[in-house]
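Listed after this line are the structures, all set down as structure tokens.
In the two complexes below, chain A is the common chain; its partner is chain B in one and chain C in the other.
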Partner chain A sequence: MNRAQRFFLRIGALAAKEALHILRDVRTLYLALVMPVVMLLIFGYGVSFDIDQIPIAVLDLDRSATSRELVRRMVAPGEVILGAEVDTAAQGEHLVTIGKVLGLLTIPARASEDLAAGKPVTLQLAVDGSDGVVANQVLSKTEALARSIANDLVGVSGTPSPPMQVKMWTRYNPQARSVLFMVPGLSAYLLAIAAVMLTALAVAGEWERGSMEQLFASPVGRLEIIVGKLLPYLAVGMLQLLLVLALGTWAFDVPIRGSVWLLLLVGFLFLVGMLGQGLLISVIAKNQMVATQAGALSSLLPSMLLSGFVIPIENMPTVLQGLSHIVAARYLVHALRALMLKGAAFSDISRDLVALIIFAVFVLGVATARFRRRLA
Partner chain B sequence: MSEHAIVASHLEKRFGAFRAVADVSFHVERGEIFGYLGANGAGKSTTIRMLCGLLAPTSGQAIVAGADVDQDPEAVKLAIGYMSQKFSLYPDISVIENLLFFGGAYGLGRKELRARAEEILALTGLESQRTTITGALPGGIRQRLALGCAILHKPEIVFLDEPTAGVDPVARRAFWRLIRDLAKAGTTVFVTTHYLDEAEYCRRIGLMVDGRLVALDTPAALKREHVPERVLALRGPAITSAMQLLSTQVGIKEVTPFGAGLHVRAEPGMWDEVAVQELLQRSGLLGISVEPVEPSLEDVFLAVVGKSSQANGEVSP
Partner chain C sequence: MRPRPSAAIQLVSVVRKEILQTVRDKRVMFMLMVAPVLQLVVFGFAVDFTVDNVPTAVVDMDQTQASRQHLRRILADGTLRRRLDAPNPEVSGRALETGEAAASIIFPYGFQRDLDRGETAEVQVVLDGSDPNRSTGAALAVSRYFAQTGAELARERALSRAAATDLQRPPMGSVDLTTRIWFNPGLATPPFLIPGVLAMLLVVVTTIVTSMGLAREREIGTMEQVLVTPMRPQILLLGKLLPFLAIGCFDVAFGLTVGAWVFSVPIRGSVALVFAATLCYVMTTLGIGLLISTFSRTQQQAFLGAFLFAMPALLLSGVMTPIRAMPEWLQLITLFNPLRYYVVVMRETLLKGAGLPEVWGNLMALAVFGLLILTSATLRFHKRLA
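And then the complex of A and B:
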């Protein structure tokens, strides 16, 4: 038997043993499969949020002093901010699809002339409805702003029909149902917690039980231990992902407009990273108590608060925005929303995929490197 | 390949200022049962962990199965089996699943592994319990299974760290039968224990006190060397009074409680069973039986510990 065969044999033995632990322990299956379903139902039916500082793109076909003044006044209060100025509608739509901006405001050609002549002007606002809260906010803020600004600009007030209207339509989520953007975010959150906790407890348990010492006395290598631990939980995690997605589709009518395979790929990469984070924690912590605390803290808080699930990343202080770049959930949330609600293609989420791969390789690399097969 | 299974020279392990193992040198021959004795905290487990490549020695060298434990721990790990002091099987999976896992961890192929697992089940007498969840087994049987897991891959040397701690006497005897069978089949056995009766089964014994190896020889030679005195066993009523009386006599080296009675170490030229019995009767202590006995390893242990504590300027325990 050669080295490679023995390598896979040992990983197989470790993975099979770990699978037995999972099947024998009701708590593991509960943590992995029941808890996410319950939480998804609770959150899905009961939570909504508030926000501001929404970046929108402006397509100014009028290009007049008046239209520029209109835009300036619109962004002045800070509820919406100018994310980009574009020259074509296609450019603007692209920015919405990739999530750079959350809405596209189009000022029609000759708007200022019409306004001066007292004719009604229709502004067009396309909003990214995949984030329902944001969409609602953009709609109500912009409409109110347009009304008062137009009155100011024309110098007439109290006219029964406003000289300028904003005609709106919401892309991706026309009814602005918050559950549609909740489900992708929540999936990421639930996957993160369960995945980190599963492996954190699994390895810390070996330290506590003393069986790690027994493993170290065998020729089993550290990479073999890491991979052997990872595989069965990856299977559980994928099952969990499918369950959450199925529940989202079935209970909340969340669409999956993009490729299901891409969705599974993103989920897979995210799970590898999160399971790796759990492994890293238990390699360092060595007991279940500390591993539980560290696991919960490092998965729950960032994936809830820094992923864009609850608080839009655009609304965060710069420091937190920067910090959110090292939170793997951020990329999953973005990719899931893009895939499920916007029907994004591979190129739209390629940055998320790359980020998730980098994260997974990094945590697994550090976990393996920090893993000493000797006792202190 | 060296002719000895284990060669330790000036092996030392310090944890900060604490010398857990201090300048220990010995060798273990192939196929012998080598007993490593000492009180809790004497450095037995630390020595075993260094020999298994689990702990790096602070200084000194150990060659196990021809490989240096510090330079090439992986080669050592392939050649040895190890049963740690803590219960190291997985309690939530069955007997056969534990065996198959540990066999797989040593890289045994599927067919070979199945065959070996059956052999081990037969050897340890666990055939009827193959599907029992390990955690539900009594301690003695679990220890047999743990030994089985440590020898699945037919190691040259097995290290057993307190394998019978907390196991009842009948199960201990059954366990030692297994150990002797292993040694007969050519496996070198390095075993630590603090049950001194078990140490009689060992071909040679090393005695550890406070991190130092203070004696090493066969049980018989240790008794001759460290207990040259006559050992008398006393049994009967008023044993406490007898203890007080005897410990003040010239030529009586030591009086220690032994079971329900006393063991007395005395100068052979000055005391024998008749002289002690006369002394007792003169003092009105009647009905106590006095018999000469072969010194036990416990006598050796007490003598050695007493000597080395005095050497350290400590009060004997």
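And then the complex of A and C:
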């Protein structure tokens, strides 16, 4: 048997041992595989910013047929609904404070007389600004409604040709389905969790129990230990990736317009980097509790916040934008979106591939180096 | 046999031991006290859901005064940001593909001519829909601009037509809408987000740490050793949970201070109410941690279990996306999520200055959850030990 054969034999033995560990601990495996499914379903159904029906309270100080007609026109299209009719502004404010309605529309006294006399009438809308995203929706929907009512009154909607017209197309995701946006990002996030946390915990556990010293006493080298340990987790990670992609395409019709092989390659490179990061954390922490927190801080948080998964990177302060360049998930999210939604080719994502390779080599190198020092 | 020491002495000694153990490990202290606030700051700076600065490719094929003027006015409110000028729609389409731009505005030839002739001048907008929040935000801004200017122009045209045909002026009674924004006039994200992020960080600090800590004791068998001492199991458990209750309250206080100072998160309501809610909430999250630890044999399982609880609970709490935007069946499920109530109480107290009468229902729900979960977890814990 030559050296290379012995090398692979030892890696194989270690990997088999680690795989047995994983398989014996069925609960961990279940949790690792159930998690992606649960998360994807929740993200797919639950994560959306669009409120279909905006409840508002109406304070009608005019109490005339005209004012009731105005309210009716506001709620007729169904985007804004009448949440409550109140008699005083204080009542309306209370309803907004407890979150029952999102705004208070006030129709001033004498509105009908002013309208009949040809004078302008100003309606007031107070909007609950606590959630900026929702407030913007309320503002734009009610403003559009008020404008169309105003146009009806002036009679411009009947003009044969409107002076200006905007034609809008939305490419890649015309129905604006959040899930198409989420699935690529979610895959990155789940892979980060699986890879970093599971390896960090597994290896830190070995330090805690002292079985790592026993391994050192055996003839296996440190590279063999590392590769053997990481291989089974690589398999679990790839399984998770496949699961998320399969469920995404099957349950939510997320397209995969580019090459599936390229997709798997990107996922593989990312996983190797994340496994390296988990290893590095465990080598430094040597304690599962600390490893969890360090893992959460260094991988889960960045891959959620700084990867562009849910929050657009271009809105962030420059420091964080700069920081996002060293977050591996950023490249994965970009590459996955390009591959799945836009049908990108190899050349479009080559930069991401290079970045992921650099990250993986760097992290694994540092982890191996630290590993040696621990041995001494 | 010596008599059992009093309950108070037992409790104090467990709490002392737990505190000593925690304080000794500087890394754990850092993770419990500093890391949450660090994360809060990152969240505050990173998360901004307001759609602005959408990189836009501009194609002005008309190159007239009118096209330039409207272009400038569309870009004026900052929702769209001019990223590049493309000579034709092919180039801007390519920019959309590579992600260099997320929107493109095209003014075709003859834009000004159509306007001047009183015909319909057309503008084309192409959006990258892969981020729906961004594309709908950009679409809203564009259509709002064109609806507004379109209405103005239509009015002018109607007036001039009326003048030309020597008709009576059209009736000018009109309706307009003035808007006012309560609680958060700048529509800033941090004041809204930070109470939610606090709820999230408390789950990490309490649920995950407790479940792993107890699983660790099971792994190394120290729990059994303590049980042969005259210590009562209930007191042992209480002693283990109390320090975390304190840490949770400390984190909230620290987080709110930093939030108020760095992100101008207002504290309009009563601080006592905030801490009452925090106490009930931490009882719940600790109870869940305890419950998870009784189901797990290893720290790895405990972590995954806690995580499997935390992620859905967070997503379905309204921290990130509004509960109102969820499908109805999912909204029903959120009623069983303790996080939801805490987030509501925090936001209403901090941002809207709500008092006890306003948040009473949510606070009660939180208290009921806390008692229920903590009791059932304690019972299960006993059964596992016996």
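Rule of thumb we're sticking to: the second predicted complex is superposed on the first by the 254 of 376 C-alpha atoms of A that agree within 3 Å, B and C clash if a C-alpha of one lies under 4 Å from a C-alpha of the other, contacts with A are read in each partner's own complex, and residues count from 1 in each chain.
Everything below uses one rule, namely that a contact is a pair of C-beta atoms (placed from the backbone, for glycine too) under 8 Å apart; a residue touches a chain by one contact, two chains touch by 3 or more.
A quick note: this is a predicted structure, and the numbers were derived from the prediction, not measured.
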{"item": "Which superposed partner A:Val220 touches (first chain B, second chain C, both, neither)", "value": "first"}
{"item": "Contact breadth on chain A, by residue count: chain C or chain B", "value": "C"}
{"item": "Partner chain(s) touched by A:Gly210 [first = chain B, second = chain C, both, neither]", "value": "first"}
{"item": "Touched partner set for A:Leu245, first chain B, second chain C, both or neither", "value": "neither"}
{"item": "First, second, both or neither for A:Asp25, with chain B first and chain C second", "value": "both"}
{"item": "Chain B versus chain C as contact partner of A:Ala16, first or second or both or neither", "value": "first"}
{"item": "Chain B versus chain C as contact partner of A:Val236, first or second or both or neither", "value": "neither"}
{"item": "Shared chain A surface residues [contacts with chain B and with chain C]", "value": "25"}
{"item": "Touch list for chain C against partner chain A, complex", "value": "25, 27-28, 31, 35, 38-39, 42-43, 45-50, 52-53, 55, 96-99, 115, 118-137, 139-140, 142-144, 146-151, 153-155, 157-158, 170-185, 187-189, 191-192, 204, 208-209, 212-213, 216, 296-301, 303-305, 307-308, 311-312, 315-316, 320-322, 324-327, 330, 344, 347-348, 351-354, 358-359"}
{"item": "Complex contact set, residues of chain A against chain C", "value": "25, 27-28, 31-32, 34-35, 38-39, 42-43, 45-52, 70, 93-94, 96-99, 114-136, 139-140, 142-144, 146-147, 149-151, 153-156, 159, 161-178, 180-181, 193, 197-198, 201-202, 205, 285, 287-290, 292-294, 296-297, 301, 305-306, 310-312, 314-317, 319-320, 334, 337-338, 341-342, 344, 348"}
{"item": "Chain A contact footprint on chain B (complex, rising order)", "value": "49, 52-56, 73-74, 77-78, 80, 82, 84, 86-93, 97, 100-109"}
{"item": "Chain A residues within the chain B interface of the complex", "value": "1, 6, 9-10, 12-14, 16-17, 20-21, 24-25, 209-211, 213-220, 374-375"}
